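So that we are looking at the same thing, I have put the structure below in structure tokens.
Naming follows writing order (A, B, C, D and E), and every chain is counted from residue 1.
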């Protein structure tokens, strides 16, 4: 029937035009999206360990699987080795820890002795103005720098005070830092010996 | 003949009424709360008195102002604003800043009650609306420690625990180590008689129980709500392997079960409904303590069940005499 | 021109999609914790609304009535995807925060509603006016709501890490306004406020009309 | 005395206040200077007068009748001269036609014109003008003629007298138990029932004793807990038989027939002596100088009755015809006592309910649904009626309200619940809601 | 792989802790639109549970076996998902009309409304497309079909529960003498605000 044919055709034409248009848009934006992601990651890596260059540990790296186990219940995302002048100066960990509203992506830098060189929050869904204080109130994250090498979960709780009114967001960050401590003690400290 | 007719008035039947009045009921509630309030002032000092005065004063003023603005007859005399102000004060920690207490009372009466059309029309317990507003808005100021500390001077053997409530410490310990850092059974006495942490109304569980029983005996509140509430909290504490007595005495369970959840307007009407509602309050309060992130869940448990009250009412309508139950 | 202005004006006050028609609420309440987010969300809606109006209006003679709704949906969904991809590429921070709300613009009833009710029956220039009017009406409500919540909930309004407005330091912001009850609360008061303002306006109009 | 635990759902127990009159023997009120006998003292069609002004009538003579099924004839309660026929105010506050009689100087109250009729016992009950004397004034003959498909198994005599203040039924049971029992047997025989149960509330031990002393084969005495409205027909059937009268059905559907004890006694008099209903016991109590139980001629003015009882005392707010829960407040005391007037209660200020101005809020205390013997939710019915949401009220069974008044009684904010519910009920009835 | 307890958490997290209406503001149009009446909100809730579960499974399958393998998911998921939902609703409506008049009467008139209900699209997107699922449960980067189903069921039951609760509250609100300025929508919002205040009590339950 020509009538229904016309109907189907018009929908089809719309779909084809739309799909083509979107494919083109995607082609145009995709590289930039990737670039933005890379940049964001790069920025946060530099923030936790200024001046270093980073090398991602691949899936096959035995440390990755071990770190994943040590990180639990915090999610392990990626491990980077940090180099400065060709020398390994430490690691950066990318972790996903539970905040108040979904996971917070944290990047935590550790030097070879196991001290925290810096923490940056790559992304989070915390309530703007409340939970986001973990980022906007710099003193909170800076507390991580006071942790002694080889710190434990209890040390994190004892050293880092939570932001009042944003306890659960603070806990998200604290749990991430504690996980980094565990990963250092259980996984990375061994590698440090080898690296020397 | 005609002179007798003169002082006779007509009116619809019934021509006699029970002695119960709204104001009378409210005053009984106030009376049941007086011992706790007085004991709180005696134990905690003038900060407690100041809080009581600010809350009650603001509650009354808000009610009067709203009635005047809305050009409705004043309802100050029914005593409900007094009860709301008093309950709000009892649900706040003694060192709550005065302006915060004022905002709480303003919100309780304004947002919790008057905006819905005044007494009898509010859907949620006004005092709890005020308390939730204050605690959520200024969690930092309230929980930051400065308002809880400083009471150790009065020395009731509590030096070990300052800066947070027993419940808070119990919760934190449980999360950290799966156990408790202090002996729960040793807390019965202070919780029953003189507990200087937490809010004004938590000063003495014993006085709250006495007040609650008075209201039950006077037929003002239905025993089903507190019984269902407290019983369920105890049961849940036991199920989670904790001490039921401690959990029933600590925090807001007593004041919540006897005085907050039993608020007529925001609780169900039928007996079955009230039992269900009481159990619901206890369930969410108890679960909130063990699986939630806040040490105290009384406020939200009761507010949540307030929200469910109309639904419960709907499902527990009395059976009409002579009507065979059919699927409605 | 007068006609154009009338179509534009309609969205701003008389038929404001949010306060009067009460549709498209969800995103409004959800992203209104920060002016910054609300501004971008509003822009996204203005863009999709205007562009879909343009396309629907331009091809209104070619679109068969029987299948117009699926076609509208495809058109709208395409523009939403364009917004989705562009925001991801150019403002990734905002994109992160808005999250699911960008794809959900598709089901914002305002957009489908305008395509159906206005653009399908009017010429392109008027449809642009309608889209812009409705879009800006929506934009202003969402930004106003966000401004109220952010200002009173945090004590200041921040635009990309710079404080635009700052309340005196003695102000203790009630954080509740930033939580979800705050959204309902402030919006409820906003509607009551607009009602009050409308009444005053009507009263004044009447008073003027009565004057000889 | 064994108090049964048979009871109904809900109800209240207001202060009984019966002590002032419960021990006082019934005394006769002298013939007043004039009697006003309304032509409509029953539910149903009003009677047409069969006498004319100036006629001399004898005690017991027929004054008015009508052929309708639901009606009851009216008789002269004294010998005298008809001085006027015309509308008068009644206890119900309405104006109905009435025959005014100027009594003869000489009266023999023992003598009367006996009713003589062709036919069976039912016809005789009708001819004697007997109506429900508990207050409902439903013509008894109609009740004695249940639909053919409903078999009556039990006759219940209502001696509960659950209304506060009233003691007229109690005195009747104490002083003339044999008439009550005889009446019950007559009723049983007329409807072919097997069982007779006389129900008395526990606060009338003397009545229970007296009845027990005269109990006959097949007549049981059941003592019920004191609770208002125990005497309401549906509640009584439920308490005794455990059966609920189905919604929209006649009480007879449960196989039970309920009559007041005073009605039963009147039926006994009518059937055994042909005596028409010309007088009744009225409890005059409350704020009067000499409270008591008085045998009053139908047509005696309330003002005369109160005067005989020593007049009103103190600050009286309301004078009630009937009991304080269901009775009617009198706008004027110049109204006649009729067949349904069980009491005259003068309520002093402070005792009587206050009319409250304005819209009182419901505080949802839950007292009214708990007290409602019909399982209704008065608070919401009243709210619906107040907002003219008739359909919503009908949907929540407003029609089932028995107007006992316990909801208004218990309400702490003194909302006029019953008044509003009556509005909703009449709206539902006018829409034909069943 | 997920255990029974994880599934239970997923359900509770979706239904109560992250209630789609009261804590996430998704699907508010029907929340304020149909909640004036108990019967309608019951019908709507039923329809939403039904359609949402079907829609999520459908989008999950399409993402997993069509969009993702073809590499077009990133830019075609929005039109694809909304079209799937729209046609699904159409089919359900046609099927119900024929197969089950009872069910059709109960929720038929709400079905067209559901097409543009953002809750359905949101739940479908979150369960099908990786990167949108935000509950605090470690479940891997994307949900399995079973997880998607449990999650959607939780979302829709939470939706229905909140809707019915709110309808019951609004029935009482109808009878209240709310001042003129707040009558209707404003007071509904304030009620929603207080109800969502109660839901704050659930935040952090089971660490969700």
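Simple rule for what comes next: a residue touches a chain if its C-beta (ideal position, glycine included) is under 8 Å from a C-beta of that chain, and two chains touch if they have at least 3 such contacts.
It should be emphasised that the depicted structure is a prediction, and the values quoted were computed from it without experimental measurement.
> Taking each chain's centre as the mean of its CA atoms, which one is farthest from the centre of subunit B?
D
> Any idea which two chains share the most contacting C-beta pairs?
Pair with the most C-beta pairs in contact: B-D.
> Hey, which chain is the most central one here, using CA centres?
B
> Looking at CA centres, what chain is most distant from subunit C?
D
> How many angstrom lie between the CA centroids of subunit C and subunit E, rounded to a whole number?
Centres of subunit C and subunit E (C-alpha means) sit 23 Å apart.
> In whole angstrom, what separates the CA-based centres of subunit D and subunit E?
60
> Would you kindly tell me how far, in whole Å, the mean C-alpha position of subunit E lies from that of subunit B?
Comparing mean C-alpha positions, subunit E is 34 Å from subunit B.
> What whole-Å value do you get for the distance between subunit A and subunit B if each is reduced to the mean of its CA atoms?
44
> Would you pick out the residues of subunit A that each touch at least 2 other chains?
15, 18, 22, 25-26, 30, 125, 165, 168
> Can you list the residues of subunit E that touch 2 or more other chains?
74-76, 79, 134, 175, 177, 182, 187, 190, 194, 197, 199-200, 203-204, 207
> Quick one: which residues in subunit D touch 2 or more of the other chains?
Residues: none.
> Any idea which subunit A residues touch subunit C in the complex?
Residues 6-7, 10-11, 14-15, 18, 21-22, 25-26, 29-30, 32-33, 36-37, 40, 123, 125, 127-130, 165 of subunit A touch subunit C in their complex.
> Applying the document's contact rule, which stretches of subunit E touch subunit B when the two form their complex?
38, 164-165, 168-169, 171-173, 175-179, 182, 187, 190-191, 194-195, 197-207
> Please output the residues of subunit D touching subunit B within their complex, sorted ascending.
9, 12, 14, 93, 164, 234, 238, 244-249, 303, 306-307, 311-312, 315-320, 324-334, 345, 347, 351-355, 358, 361-367, 369-370, 372-377, 379, 397, 400, 403, 405-406, 408-414, 416, 418-419, 422
> Show which residues of subunit E lie in contact with subunit A when the two form their complex.
72, 74-76, 79, 134-136, 138, 203-204, 207
> Flag every residue of subunit C that touches subunit A in the complex, lowest number first.
Spelled out, the residues of subunit C in touch with subunit A are 33-34, 37, 62-64, 66-67, 70-71, 74-75, 77-78, 81-82, 85-86, 88-90, 92, 96-97, 99, 150, 153-154, 173, 175, 178-179.
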